[in-house]
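The structures considered in this document are given below.
Next come two complexes, and both contain chain A; in the first it sits with chain B, in the second with chain C.
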Partner chain A sequence: MPTREAVVIGGNRIPFARANGRYALASNQDMLTATLDGLVARFGLQGERLGEVVAGAVLKHSQDFNLTRESVLGSALAPTTPAYDIQQACGTSLESVILVANKIAVGQADSGIAAGVDTVSDAPIAVSEGLRTALLAANRARNLPARLKALASIRPSYLAPATPSNSELRTGLSMGEHQAVTTREWAITRQQQDELAAASHQNLAAAYERGFFDDLVTPFLGLTRDNNLRPDSTVERLAELKPVYGRGESEPTMTAGNSTPLTDGAAAVLLGTREWAAERRLPILARFVDAETAAVDYVHGDRKADGLLMAPVYAVPRLLARNGLTLQDFDFYEIHEAFAATVLATLAAWQDPDFSRDRLGLAAPLGGIDRSRLNVTGSSLATGHPFAATGARIVATLAKLLHDKGSGRGLISICAAGGQGVVAIIEAA
Partner chain B sequence: MSQPEPESAPRSVALSMAKGVVRSLPLARVRSGRAALSPDLVLRTGPQAIDQARLAAYQRVCGARVSDVLPPGYLHVLGFPLAMARMTQADFPFPLLGLVHVVNRTSQHRQLTLADRPRLAVHAANLRPHRSGQQVDIITEARLDDALVWTETSTYLCRGRREERRNFPQEPPNSPQDPPNSPQERHGVGIRFQVPADVGRRYAAVSGDRNPIHLSAMSARLFGFRRAIAHGMWLQARLLSCFEGRLPDQFVVECEFRKPVPLPGDVRLIETRPALRPSSRFFELQGSRDGRTLVTGRLEDRSLSAEAPIGQA
Partner chain C sequence: MSNGERTSRGAPDKYRDLMNTSIGRTVSARIGLPRPALLRRFRAGDALLPGPLLLGGNGLTGLAQALTAAGAEVVTGEAAGARGEHPPSADRLGALVYDASELDGVAGLAAIREFLAGSLRRLSSSGRVLIIGREPDGTDHGWDAARQALDGIVRSLGKELRAGATANLVSLAGTPSSDALQSLARFLLSGRAAYVDGQTLRVAAVAVDAPADWATPLIGRVAVVTGAARGIGAAIAEVLARDGAKVIAADLPAAGEALAKVANRINGTALQLDVTDESAAGTLIRYAGERFGGLDVVVHNAGITRDKLMANMKAESWDPVLAVNLQSQVQFNAELLRTDGLRPGGRIICLASTTGLAGNRGQTNYGASKAGIIGMVRSMAPPFHGRGITINAVAPGFIDTAMTHRMPLASREVARRINSLQQAGLPVDVAETVGWLAWPGSAGISGQTVRVCGQNWLGA
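Let's look at the complex of A and B:
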């Protein structure tokens, strides 16, 4: 089937805010609507009917089942713009970029917005399972005695609310505890992690200083920059922090400084065909090339090779093979910093001959990368990580980096809860 | 430019309220309607910094998105302490308590955001008769530097003594913007929403408008209402939130509060457009069950028209 090129026209996000801070009173819909409206304002899309808007949130109230469509209706886009919600944990908005780009490629849409939003501060709180069961039984009851009997089963302890947790449902371990196992198995040191974390903060601060984000970020509720950013972050200061994950181990290495904090925020990317962009005199920053997803058996699999956040390690070689590329054929690498150790374990795996042979089926490892091309304007350790917003943040950032350079190719790698990974390639247009 | 002031302290509202209560007592009310109202008496603030937490609370109560954009009614809230002060000056002819907000007309000439530092000015004018008593306009203006960015005329009714126990009139005689007789086309399916039982207290908390008629059935009864009634300004803000994403930067919204909206309530918004004036939308808020007309209003898009902003000084 002949396909068309999907191009990245631009992006917009609100500054990311540490949880229970500046955006404590804002809902997912508030943040997504503001982000869409910022994108609309930046590219003059008021009243425009787009092919579709695809977005999602990881932490979502049940009433927000139509979050994206509701946000479109409240935005300045034409109300005739269709929308739908998706959810793939931290891979959500990279997946939404893939979906929009694919529809454009096969001719089912000429334009679209891919986005994501998350709030930890305005998290949904549910009733306990015991109370929920009792209320549903009472609702099913056909007469008063049966209803009273159902309600009588309610115990005081049922009244405690059920708050969402970031533990994996099948293992009961938090993402940090999972990563702590992977970190040790791959022998990632504290020093390496703190160096990566410091670089993330320094790179993000430098990018803000030179105005790189001026056309990527719209202020929101008084924030103009990500408030997790610590421009003065250094390896020495990070070394002072106490470990927070893997504390049962002899030498735990993961701290609050080299792990991503809980964050609120939203990000969006505008995609279209070259013709659609040209008709509206819009810029073309980059073209979407290809994407791949992978998953690992983090529950029963190998402690080293099947870590919860290791799925991108498997997705990237498949993506490279399909596109006839090597790992060294990239000018920029955007590897999501769920934890500094996630990035380092990913890079270590690609250089490990045994792992590459046994698990990736490669005669030779993918090899190392030029670290000066990694997360050059900072990543999630510095910006923070509103789960579903991270992919769109990265795509817009990378597209602008490629556009500024005028040539080249970038690789995106995002790990996600549930042992999944979403990776993609974009090139300067 | 002088330093922005924090939003007005609640104390000043409380003082005005206290003064208003004293002047609302039966003995003080004898002077009602006799003083000469001075339209030249203008109360002003310096540049007002916007408190984001309070703005967010207002946006939540009124069904607006929590965002950087100031809903037009938020400027009413910012100007409210001045309005209260103006309504308790010696020349103001009516007792404060029991005044009924009958018409509100808001013109937004520019969209304001959290970062703006508007200056507010309030004066009273147009004392005139109403079928049920007398009415007066409280006019609030907001400026950024010297540019007029927002104007509001709030018309309050002081019911005459004979009519004190009667309800609102069916048709106030001088409603300035009755829908014209040009053909009207019904638009949309109607928007049904609930008026929560506690919205009077919640709006009072964010606006500072603690008029007892809004707070509880017991306090409302003192002023002849069987139940607490919704604030007019809450209704206007809630109605505007139905137009989320459809409001231009420049517009005029006018609400005529025809009947009190008792709490709690179940209402629906019906929208019509005159066939010949696409920039206008008329709306009517009805009781969902009885279909009674509670509020009528008009929303005029001024971003398309060449007309100068209303009230341009």
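Let's look at the complex of A and C:
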């Protein structure tokens, strides 16, 4: 089937807010609707019927089963714009970009919005599994005695609510504890992590100062910048923080400063064909080139090679091979900073000859990257990380970087819960 | 509630509303309280005037036809007299228009007295008195004296009129086309000019293009409004869009949330931009070119206040006010001149203030910036004229906005009443004047400052 180019036209996000702060009373739908409306306002898309809007949230209330469609209906887009929800943990909105781009490429859509949203503050709280089972049994019962019998099975302990956690279901370990294992296995030092974290804050602050985000961010609920940002962050200050993960180890290195905080926020990317953009005199920032996903067996696999957040390490070489590229053929690298150590372990793995030979099947390692091209306008350590919003944030940011440069290629790498990874390439258009 | 009331985001005028209840009317009549009228404001589809237009004087060919084309039911003194009737009292006059274009001396003013004195009592609520004269030009000293006297008539008459009626003078340099006259009438006689009072507008005879549809005179025009996120700027964006323009709503990045809502309400686009950046003009011109193929209308509305008595005025209160309110406009307009950033027929409209005319205690910085704008438009009108571009200032008086809502009650109430209409204007009143200056028919107006102040006691 002949394919068409999908281009990135622009993006919009709301400033990200640390959990239980500025957006404590905002729902996913509030944030996603505001983000869509900001995008509509930026590009004059009022009343426009788009091919589709694809978005998702990791933490989602059961009544939000149609979150994206409901948000579209509440937005200034044409109500005839279809929408659907997806969810791939922290890879959600990069995956939604891939889905929209692919539909455009095969001719099933001319335009679309890929987005993601998450709130930790307004997280769903469910009834316990025991209570739920009992209530469903009572509902099934055909007569009063049977119903009473079912209800009688409820124990006081069932009344405790079930709150969502970011622990992996199959290991019971939090993401941070998983990363702490990987960090140790790859011998990532505290100093390295703090340097990466400080650079993220400094880069993000500098980008805000020069107005880089003026056409990428629309304020929300009075917040005008990501409130996790600490422009004065330094390695020295970060060095003062106490470790929070891997505390059972002899020399724990992961702190609140070099790990992303829980965050609320939303982000969106507008994609289309070149023709669709040109008809509306819309800018074309970059073209979507290709993407790859991977997963690791973090439950049973090797402690070093199959860490929970290591899947992008496997996805990238496959993507490079398919596109005939080397790791050094990029002008920008956007590696999601779930933890500073995630980025550093990823880079270390690509430079490790044994790992590259044994696990990636490569005669030679992918090699190192020019660190001055990494997360040049900051990443999740500084912006914060509303799980499903991060991919769209990165795609819009990178597309603008490429457009401003006028040429070049960028690599996106995002790790996700469940041992998954989503990676993609975009190029200046 | 009128369209204008809904557009306002200022404090409701409870006093005015009370005085317009039956009890309020009785009380105010007994004890002589001022009774501010509910002003007639423009709504699409409304008649131009609430009653017939009585036309007096003579001289301008095609004036009656132009007024009729604008939507007025024109009657003349002779016609009404010949039928042995005055328009019946139920049929109050919507406007009194006097053509004084052939006024040739002080003695000629008597005819104007006769016309007005005989018909003013029949003027309806929110009626209009409009005198059309000529600019003093030095040809004849007697003529010039009489022409200037017209200004004195409307200024005093404005203070006499009640029930929301206004009096204005159009002073012609040359003979305007029928379309130019129609354009003037569609603004000054309609509810669009509800808060324009006691004012002289100088109109040059410049060729004007009639819009294809007078309901959307700005169709095909691309307009940018700075400070568009709220208040007067948002109202301007809405009026320009209603009149057919494609609107770029610009404001500081920090105001983006409200800005996006404005843009989405009017099918425009939101542009987050700091107008004090040296690159702002270039960015905007490029943006308008890329996204819309060019730029026709620039409305400089972004402005701030940092009130301090001069004795206490520090640089941090002075500098930003001058930078945002004045320097950014000078810089921007110079860039428009330098780069041909506006298409022919373009319009630049700069928000001044009656503070720039009358001064205001605690506002030397703000007053300087707003007076500076008045000087700027006067100075820049000639160089822009060669490209068919006009540049004017609009000077709002006391307008109800979120900003005035924060004033102490007593000060606000006083400020509201000290004008001929005894009430504050609404953001939409300023917006309508800005919109009208952007119309193709306003090509003959440049370098001027149009007050939207209800004939404020200060500055008018």
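Convention: the second predicted complex is superposed on the first by the 429 of 429 C-alpha atoms of A that agree within 3 Å, B and C clash if a C-alpha of one lies under 4 Å from a C-alpha of the other, contacts with A are read in each partner's own complex, and residues count from 1 in each chain.
Everything below uses one rule, namely that a contact is a pair of C-beta atoms (placed from the backbone, for glycine too) under 8 Å apart; a residue touches a chain by one contact, two chains touch by 3 or more.
A quick note: this is a predicted structure, and the numbers were derived from the prediction, not measured.
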Clash or fit, chain B versus chain C on superposed chain A: clash
If you stack the two complexes on chain A, which partner ends up touching A:76: first (chain B), second (chain C), both, or neither? both
Have a look at where A:231 lands relative to chain B and chain C in the superposition and call it first, second, both or neither. neither
Touching A:47, do we find chain B (first), chain C (second), both, or neither? second
Would you sort A:33 into first (chain B), second (chain C), both or neither based on which partner it touches? first
Does chain B (first) or chain C (second) touch A:161, or do both, or does neither? neither
Between chain B (first) and chain C (second), which, if any, makes contact with A:219: first, second, both or neither? both
Per the contact definition in the header, classify A:367: touching chain B only (first), chain C only (second), both, or neither. neither
If touched residues of chain A are counted for chain B and for chain C, the larger one: C
Going by the contact rule set out at the top, does A:25 touch chain B (first), chain C (second), both, or neither? first
Residues of chain A at both interfaces, chain B in one complex, chain C in the other: 34, 76, 219-222
Which stretch or stretches of chain B touch chain A in the complex? 52-53, 56-57, 60, 65-68, 114-115, 244-245
Listed in rising order, the residues of chain A that touch chain C in the complex are 34, 37-38, 40-44, 46-47, 76, 211, 213-215, 217-222, 224, 281-283
Could you pull out which chain C residues touch chain A in their complex? 249, 253-257, 259-261, 263-264, 267-274, 277, 290-293
Quick one: which bits of chain A touch chain B in the complex? Just the residue numbers, please. 22, 25-27, 29-30, 33-34, 73-77, 79, 219-222
